Amino acid sequence: MLRAEALRHSFGAVRALDDVSFSVQPGQTLAVFGPNGAGKTTLLKVLAGLIQPQRGRAQVDGGRRAIGWIGHQPQLYAQLTVRENLRFWASLYDVTPPGELLARLGLEEHADRPVRALSRGLVQRVAIARALTHDPTVLLLDEPFTGLDRVAAEALSRLLGQHTAAGRATVLVTHNVEEGTGLATDVAFMRAGRFVHFAPRAGRGPEQVGEEYRDAIA
Amino acid sequence: MRSPDLLRHAWAVAAKDLLVEFRSRTAILSVAVFVVLVLVVFNSARDPTAVSNVDLAPSILWVTFTFAAILALNRAFQIELENQALEGLLLAPIDRSSIYLGKLIANLVFVATIELIGVPLLALFFNVQVLPFLLPLIAVIALATVGFVAVGTLFSAMTVRTRFAELLLPVLLLPFMIPPLSWAVLATGRLLAGRPLSETLGWLNMLAVYDFVFVVLAVLLFPATVNE
Amino acid sequence: MKMLRVGRWITAIGLVLLAGIYVRALAYTPIEASQGLAQKIFYLHVPAAIWAESAMILVGLASIFYLFTKDPRLDRFAAASAEVGAVFCAVVLTTGPIWGKPIWGTWWTWDARLTFTLFLFLLYVGYLLLRSAVTEPATRARFAAVLGICGMCEVPFIHLSVYMFPTLHPMPIVLQPGRPKLPGSMLETWALSLGVFTLLYVGFVVQRYALSYLREQLEAAGEVGHA
């Protein structure tokens, strides 16, 4: 579903990606852990086609239409209502936003409020809804749990579980091992633009992965 | 990408921009107040015995529109940077050019609104006749506006992501505004003086050529400003 | 670095030759009848003006190729050419009024060619300011290339807009159809001067190019040191 072949990219003298290769199959969730500046966000942007890598190739089956993205920033217009935002983003994908999406994220009663009037947790839930309006087959998540309240975090975990169960692929990058491990089928550690560890999770829990992560990064 | 898609997506982007603007209304209101202020200040500074209104009005009109447009252009990509919405637009399966065209349409509507306020005020404050030449005047204003708003929209996509964005845009844009503005001032002057229409056709043609060249250029170059 | 040395040598030779041109212009070339000595500035003014405009065209061409190839050398060349173009514009804008005061009786007039050079200068200033306002090298190069291409396309339009102004400026007499109307020795001096300015342009650009290359290397080394 998603392939990266020998990706390399630098910003000036800073090497953000240094020979990264992997592939993700339907039903897989790859969690990439790494400290700040390890190149995680660059990796996601290259997969999404936002950055043209200097070397190597990234490919997502179905192209940009197949990708759903949840990043640090909600990518919403603060002056518009929740419904208007979703309708606008869906129109770029030539679809109408599915009605049950708001219900699934508990946003129905807020649908006609402008985004700037919502709390941070609610805005994050709208951002999740936004990423799912066009029913993407590949989800790219950049620190998706940052700033989420408990309700939203649970809703997101549930949605990701359904996404994976439906035979779709997810790549999740974060520096927080505790949050990401539970959802992952595969785990990678990233340091200075390289994958220093890449293997199926194989039943490892957050404690074990966390320990291995600290050893690999140190 | 097929052109109906291009235009439909461009329109979606423009409609969203205009809706955002309609919700807040701060930008359009402050620019409108600015236009009124500039016209009042010019009016109090002039000496009616030295230069006649008809000679002065074209320059004042275009100076006012120039500054008002620059204020408006700075805002265009600002709303995309809040919450990283621009990244969302780039992720969507739409042509990069449709983002530019959408922004261009929204900016044109914005500047046209200001001009719609400015022209009657000019006629009122400076007591110049515009009604008999209304259609050719609209043609001059429309052609000149398309040219510099096209270039300005392209440049603002770059300057919003630099340091001193608000200062840099006018510095980059002014040399590009001079050809269309000088033709527009000359043409407006002829029109308001009641000269025959044939005298302004030359300027109108040149404005049209300028518009064509820079709209095409901007559509081609815009992807380079957002692709990393 | 070898390139920097080469650039310095070319510039030095150019400057020596420029002095030579002025010896020739003052001592061996006839004095123009109506303008007197002031006409001598023409050997500086016209070649500088030609290169000031050509440099913008070269910036635009390099920018087009940069956007296709993403080769940093083209970006470095465009930046160097813009800086040298700005300097030549400044030369034109200084020598023009020095000539204009005795001949026209005024330092500045909104004459077509003067105005054109002024706008060209502002175009260069904008280009260099944009470069200084962006820190990330690849973004800086892309933004500068977009502006450079627009600048190149803008040149004919500025021509069109200013040439409608009434002008006092002498019409071009070197590049006009038919036989040039300059006396042979003036034309020779002028042609030599154009050659010298070409040499100066190349010399300056090579130096600037080498310097920006060295700066990039230093920045790279600095970044690695921090990491």
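Just so it is clear, A, B and C label the chains in written order, and each chain counts residues from 1 on its own.
Following the convention adopted for this analysis, contacts are C-beta pairs under 8 Å (C-beta built on N, C-alpha and C of every residue); 3 or more make two chains touch, one makes a residue touch a chain.
Treat the numbers as computed from the prediction; the structure is a model and nothing was measured.
**Q** Is the chain-to-chain touch network here best called a line, a ring, a star, complete, or other?
**A** Looks like everything touches everything, fully connected.
**Q** Using mean Cα positions, find the chain sitting nearest the overall protein centre.
**A** Chain B is the most central one.
**Q** From the mean C-alpha coordinate of chain B to that of chain C, what's the distance rounded to whole Å?
**A** Taking the average C-alpha coordinate of chain B and of chain C, the gap between them is 32 Å.
**Q** As a quick test, compute the distance in whole Å between the mean CA positions of chain A and chain B.
**A** For chain A versus chain B, the centre distance works out to 39 Å.
**Q** When the C-alpha atoms of chain A and chain C are each averaged to a single point, how far apart are the two points in Å?
**A** Taking the average C-alpha coordinate of chain A and of chain C, the gap between them is 51 Å.
**Q** If a residue has to touch 2 or more other chains to count, which residues of chain B qualify?
**A** 227-228
**Q** Give me the residue numbers in chain C that touch at least two other chains, ranges are fine.
**A** 138
**Q** Where on chain A is chain C touching in the complex?
**A** Chain A reaches chain C through residues 11-14, 192.
**Q** Spell out the part of chain B that touches chain A in their complex, as residue ranges.
**A** 9, 12, 16, 19-20, 23-24, 79, 82-85, 87-94, 227-228
**Q** List the residues on chain B that touch chain C in their complex, please.
**A** Chain B reaches chain C through residues 151, 154-155, 158-159, 161-164, 168, 171-172, 174-176, 178-179, 182-183, 186, 206, 210, 213-214, 217, 221, 224-225, 227-228.
**Q** So in the complex, the part of chain C that touches chain B is made up of which residues?
**A** 67, 119, 122-123, 125-126, 129-130, 133-134, 138-139, 142-143, 145-147, 149-150, 153-154, 157-158, 160-162, 164
**Q** Which residues of chain C touch chain A in the complex?
**A** So the residues of chain C in touch with chain A come to 136-138, 219-224, 227.
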